[in-house]
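Every chain is named by a letter (A, B and C) in the order it is written, and numbering of its residues begins at 1.
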Amino acid sequence: MSSVARLDVSELTAGYVAGMPIISSIDVTVGVGEIVAVIGPNGAGKSTLLKAIAGLCHIESGAIHVDGTEVTGIRTDKLTRSGIAFVPQIENIFRSMTVEQNLILAGRRCDKQASSHVEKMLSLFPLLKKTYKKRAGELSGGQRQFLALAMALVAEPGLLLLDEPTAGLAPIAGQEVLSILREIANPGVGILLVEQNAKAALGLADRAYVLADGHNQHEGEARAMLSDPVLGEIYLGGRRRGDHAAKPV
Amino acid sequence: MIGLISYLTFFFTIALILAIAVLGLNLQWGFTGLFNGGVVAFFAAGAYGLIMLGGPARANEFGGFDLPYLIALAGGVLLSGVLALVVGLATTRLRHDYLAIATFGVAIAIESVARNAEYLTGGAKGLRGFERPLEAWVGQPQLYSFLFLCVVIVCLVGVYIALEKLVDSPFGRLLRAVRENERAAQSLGKSPAHIRLTAFVIGAMIMGLSGGLYATFYAFISPQDIAPILTFQIWAMLIVGGSGNNRGAILGTLVVWGGWVGSGWALTAFAPASMQLYAGSIQYILIGCIIVFTLLARPRGLLPERLTTTQYAESSVEKR
Amino acid sequence: MLQSLFDGILVGSVLALGAIGLTLIMHILRFANFSHAELLSLGAYFALTFDAVFGAVSNVLVQKLPWLSVTWSLACAVLIAMALTGATAAIIDLLVFRRLRRLAGPLTMVFASFGVSLIVRNVIGLVYGLRSTHYNNDIVFAMMISADPLLLVKADQIFIMCLALVIMVALHLVLTRTSIGYTLLAVSENPTLAQVNGINLGATVRLAWMLGGGLAAIAGFCYALNNQLSPVMGRDLVLSLFAAAIVGGIGSIYGAVLGGLIVGLASSLALIIIPAGYKPAIPFLIILATLYVRPNGLFGQSR
């Protein structure tokens, strides 16, 4: 691991309305080629954390560094043009546009001739080839998640922020998504992964954070957490609540 | 001296009648956050309703039932309420600016009915011949005007007190909850659409009352009295005074109406003859500027709302 | 009847041009802009001014285009008017709406747009006079295409329809083939996701104002060419434009085109059965009917 982390969040306090923070004093780091999971109950502030990193929230205090450069308060579009990719939890594709248009649009943010990147995505996600000319709104849930992932990867980011990429997917499809993440991380991409399915996330990730009520509750090696009896009781037991994918964010 | 007094009586009568409409708008916009782009439609419904019900019979035309005054006035108010219900039912569930468009449209529709449906509204020449209540009994016209002003003041105070009571009641808190945060209101177990509709209809009926008094004062109503500019004037009055504050609404009415009458007088007195034709345009520009600049520079008006539940100004920090 | 159909399509294509900008802004910035119709008047009057300027500069330009009452100078003036109206729209946003977006909610912008429309409309009246005028005072005779059913058509009217068609096809190509088009579609569907995909929201909003303003200028020119120029033409059109946008579904550009045609046709056909005095109320009835029956319009999505 090189000395500079892909992502270094320190003491981050942020929310949607000034003076009403949702997350407080959060510390998170993601190293080069590392997969870091964030788990926690519904409403813990996991999505808010990702949105704050992506410049979509009101930041009260704290700092965010990407590859050693401070990016706190930088506009979202500038961030995502400089090597960060973010896949929101919901509404993460343009439904009225075709798969092709979605990919071209997403690819445009790295350089003008994104067609080779698009080709690459199609070979990574062969499913998208079949639906290339379809409107994205007509895709199935799994296909949508693949498209959203492809839109994030097409610009070849160094840091990938993923908000529940397996939500609403059949178990097999979810497993497929997660296994692709390992391939992506290998060449050095840092991945911050929010997952509801904590077991699967911990099985895949290198390290993990547990978020509850807007605070860091726990952090550690993913494998160790998986076998931690207390954590297992709270977060890995059968206490997953309803269908979070349908919840407005 | 007599001239001044009778002028002041006239000025305050009109201003305070308009203040009632401004209070109605304050309930809709100030307390509930409903945009009514056609205030004049509800004002007109009250005015025409009153004269159609309480006026003398007209040959071969509808209306002129010669009903007792209070019943006719109530009928006009009710007509405003029904009109508001029709528009509100279609829009209070939808995007919030649909109400603005639909109310703007209803004002245009009402104006074209007033101009064209001679059978109903007398068309361009309007409805004349209304007998003002107790006028013959009072006899002396100046005294009558003064007494009428007193009646207007009583109505204004009545509406003011009723609204103050309403906004302090649990229902009033619901209104503000709906204005501030639809989702929060929903979680209280109340249907925001229903609350909005109720506030919209009550506000419109207050505007109808204002229109009824206006028509009573002139004993006459015609399409000239319900020109679209009236909506803008009433809006300017509310925003200048401070929306969400009933006393502010009344203060704003006096300031803006004073400014309107004063600027009209100044233009007639001092503008060169070649410009007289444009006096109206200049006054309209003034109203437009009052609206835009107040929103930009002093959005809370002269008398800001007293109880602020959330920091509304900061609630849209989303970077757009 | 045939005449009514023709007039309806003619008015409808003008409304469609005007409604495209309205629906875009209403969708992206989430507010009903009551001053949009004033951009139509502004465009029409800008064209009048620059027509005079070009006419004075060059003798060649005062010649008419074949068959039409439009001169070359007027044609050039329309291009300038498009650019100026687009710029004006962007400047109004900068001065008024953008600040309010930061300070307050969308309804405050609706409110301000009422004020802006009053100002723009009456400034036009002050500058150009309150009387209505024409681009060209020559009498243009209509051709009788058919006597029974009666159909009278002016060459200018055919020109307007073709112009509208060309612009819509061009717009379609821009939206579906160019990156500017993708950007607009993306922002109008989901501004946040657009930002996440590297799109500069502020720049796109400016672009939408300029596009909407430019189209409004053409629509205003077409309307004035077919009828007349008058400072209150915006006021007369505003409700029809909203009707077109709502019928089509807010945010849908193709919906706005279809909505414009529907409103134009409905208004024109309705006049067969109801007196002309009620014409201003027809768009309102269309709006009300749409909101009751299909509140999201033909192509709109609920939010």
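Please note the rule applied: contacts are C-beta pairs under 8 Å (C-beta built on N, C-alpha and C of every residue); 3 or more make two chains touch, one makes a residue touch a chain.
Fair warning: this is a prediction, and the values are worked out from it, not measured in the lab.
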### Task
Find the most central chain, measuring centrality by the gap between its CA centroid and the centroid of all protein CA atoms shown.
C
### Message
For the interfaces B-C and A-C, which has the higher count of C-beta pairs in contact?
### Response
B-C
### Message
With centres defined by CA atoms only, which chain is the most remote from subunit B?
### Response
A
### Task
Find the geometric centre of each of subunit A and subunit B from their Cα atoms only, then give the gap between the two centres in Å, rounded to an integer.
52
### Query
If you average the CA atoms of subunit B and of subunit C, how many Å lie between those two points?
31
### Task
Please report how many Å separate the Cα centroid of subunit A from that of subunit C, as a whole number.
42
### Query
What are the residue numbers in subunit A that touch two or more other chains?
55-56, 75-76
#### Entry: Residues within subunit C bordering two or more other chains
201
### Query
Taking each residue of subunit B in turn, which ones touch at least two of the other chains?
315, 319
### Message
Quick check on the complex: what are the subunit B residues that touch subunit C?
### Response
33, 35, 37, 86-87, 89-91, 93-98, 100-102, 104-106, 108-109, 111-113, 115-116, 228, 232, 235, 239, 277-278, 281-282, 284-285, 287-292, 295-296, 299, 312-313, 315-316, 319-320
### Message
Under the stated contact criterion, what part of subunit C meets subunit A in this complex?
### Response
179, 182-183, 185-186, 189-190, 192-193, 195-201
### Message
Can you tell me which positions in subunit A touch subunit C when the two form their complex?
### Response
54-56, 75-77, 80-81, 86, 88, 91-97, 101, 104-106, 108-109, 151, 155
### Message
Going by the contact rule set out above, which residues of subunit C touch subunit B in the complex?
### Response
26, 30-32, 34, 96, 99-108, 110-112, 114-119, 121-123, 125-126, 130, 191, 201, 235, 238-239, 242, 246, 250, 275, 277-281, 283-285, 287-288, 291-292, 295, 303
